[in-house]
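Below, chain A partners chain B and then partners chain C, in two separate complexes.
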Partner chain A sequence: MKIKENYVIKTIKDEFVVVPIKDEAIRFRGIITLNNTAKFIFETLKNRVMDKDELLELMLEKYDADQSLLEKDIDNFVRILEENDLLE
Partner chain B sequence: MICLSKLVVSNQDFFETIIEDLKKGDKVSFLVKGNSMKPFLLDGLTEVFLMKKDDYLVGDICLFKYRDNYILHRLIKQHKSHFIFRGDNSVFSETVHEEDIYAYVYQYQSDEEMVSTASPEYLKRVRKYLAKRRTYLFLRRLIRGNKR
Partner chain C sequence: MRKSLKIADIYLDFTYCYNDYFGDKINAYEFFDESISYQKLVVKVEEEIHLPDRPITLKHENRIKLENEYDTYIAVFVKDEIKYLIYYKNDFSLMEITLNQKIGDRLAEYEYVLSGMVFFDLAVTKNYLSLHASAITLDNLTWLFSGPSTVGKSTQTNHFLAVYPKSEIINEDKPLLYEKDKRFYVCGTPWSGKDVINANLERPLDYVFFLRKGNYLKVSELSVKDKITHIFKNIHRPSEEILLDNTASIVDKLISKVKIYEFENINNQSSARFIKQFMEENHEN
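Our next item is the complex of A and B:
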């Protein structure tokens, strides 16, 4: 899975938000916010194609967290990405 | 724990981010808040598309800073380095310096229809509306003056 090309991360104050670029414009409507973990996954999937297992492996290296919790997080996040049509 | 939710930010923070992009030469869009530009731009319904340009012209709807607020109003007069703006649905005007103007609306979307602010149809509609508005404001001043 991979994030579509036309989505970018912007910083508003201290918040990370995802906005689409459509019709040549950065469209600040219906924007969604990411915490640090979600930002890491978003940036990873923005730059390369990965499946859930590869993503889990990467997150286990980066975060000192329980594997089942990370798996749950990845599943939730992928579902949200799918719901918002952010995946290729 | 992953969080992905709707974000509520202050106008100040929101526009600072947008202005940063505009200064880089990017085009941006956002939903209009408020009814001061009625009937052309409607609260929560109209999406405006902005970009910067070198020379702002009378009639342009511009994003500018006035008394620490970010405002989207129409340029109604230019006098040397001063630019005078007023909302199409407003009574009061704002005088600002050129450095406080960030961009202008080159198109907007309402009811699924994309309107170019350079189109003859739009310009004709604006001229007609502003002429009516000027008459209204003139009569308003006259009536208020007579009451005093």
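Our next item is the complex of A and C:
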């Protein structure tokens, strides 16, 4: 998985918001708000191609959290990315 | 028709073809000062539209973009023919919209929508935000009813005017919002729908209400996340990141300085009385 080009994160009042630019701004008219784990996933997938297992491994290193909760976070956010066609 | 306009602090040399939307309303913005450099926006209608022989930098569905470091063309096609072409110098000193005559009965509508789109891109470069809203002022209160089309902005505005005839519509489509002297302001623009009388007024902005049709009257607090979502759904959003940074910064300030709520309303004049009472009770002088 990798996030398409032309999506950027903007910070507004301490909230993280994904907004499309350039050609993606024509296609996708919405925005996606991010919590901290979603922001980490987004930034990771924006820079690297990674599958869910690799992502989980990286998150287990970063967050002191239960594996099943992190898996759920990944699944939920990847579903949002897929639904909005943000993945290459 | 060609007019020199001052819209907020934007000086625009505007050439347009149709009076259907702009009518006499545009005259309120006329301002000429030969010492000022105006940014030029021209709308024209042609039988055939041609593109320069330059590389295509973006292709998406029926539109293409030809962009270099100096200027940009955006062409929208129907079949093999250009329906309209937008050209602008990247510093917005010159903007041109060419409409294909075959658009026919809807030429005036296309002129209104596309010239607005280009103007509001220009406005973002100067730190203005354009929100899809009705902007109304009465006595010492100024507020916006915002939301997507069909949510009832005009309906609620009309109820308010019926109950409080002294209220004035600043704009009923796309007012400009901006920060000045540590306050947030709203002002009119010539892009204010077809039939409504608007005013070239500038007022400090007290409230923004995102409308929701309901079965009873209720004003609800919104989380910051919901405010951001509502605002982004209803603003003119630029596609260039540098302009998007401006927009994000203005939205941040708007949320800090203006009271923003959801207003669940009914199609009835009681909505007007309810919301006026709410604003008066919560107003800080």
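Here is the rule we use: the second predicted complex is superposed on the first by the 81 of 88 C-alpha atoms of A that agree within 3 Å, B and C clash if a C-alpha of one lies under 4 Å from a C-alpha of the other, contacts with A are read in each partner's own complex, and residues count from 1 in each chain.
One rule holds for everything that comes next: a residue touches a chain if its C-beta (ideal position, glycine included) is under 8 Å from a C-beta of that chain, and two chains touch if they have at least 3 such contacts.
None of these values were measured; they are calculated from a predicted model.
Participant: Quick one: classify A:8 as touching chain B (first), chain C (second), both or neither.
Facilitator: Once the two structures are laid over each other on A, A:8 reaches chain C alone.
Participant: More chain A residues touched by chain B or by chain C?
Facilitator: B
Participant: For chain A, what residues appear in both contact lists, the one with chain B and the one with chain C?
Facilitator: Common interface on chain A, chain B vs chain C: 10-13, 15, 17, 23, 25-27, 29, 31, 33.
Participant: Of all residues in chain C, which touch chain A in the complex?
Facilitator: 58, 60-61, 63, 65, 224-225, 228-229, 232-233, 237-241, 244-245, 248, 251-252, 255-256
Participant: Touching residues of chain B toward chain A in the complex: what are they?
Facilitator: 1-7, 9-10, 13-14, 17-18, 21, 26-31, 47, 49
Participant: Under the definition above, what is the set of chain A residues touching chain C in their complex?
Facilitator: 8, 10-15, 17, 19-23, 25-27, 29-31, 33
Participant: In the complex, go through chain A and note every residue touching chain B.
Facilitator: Residues in contact with chain B: 10-13, 15, 17, 23-29, 31-35, 37-38, 41, 73, 76-77, 80.
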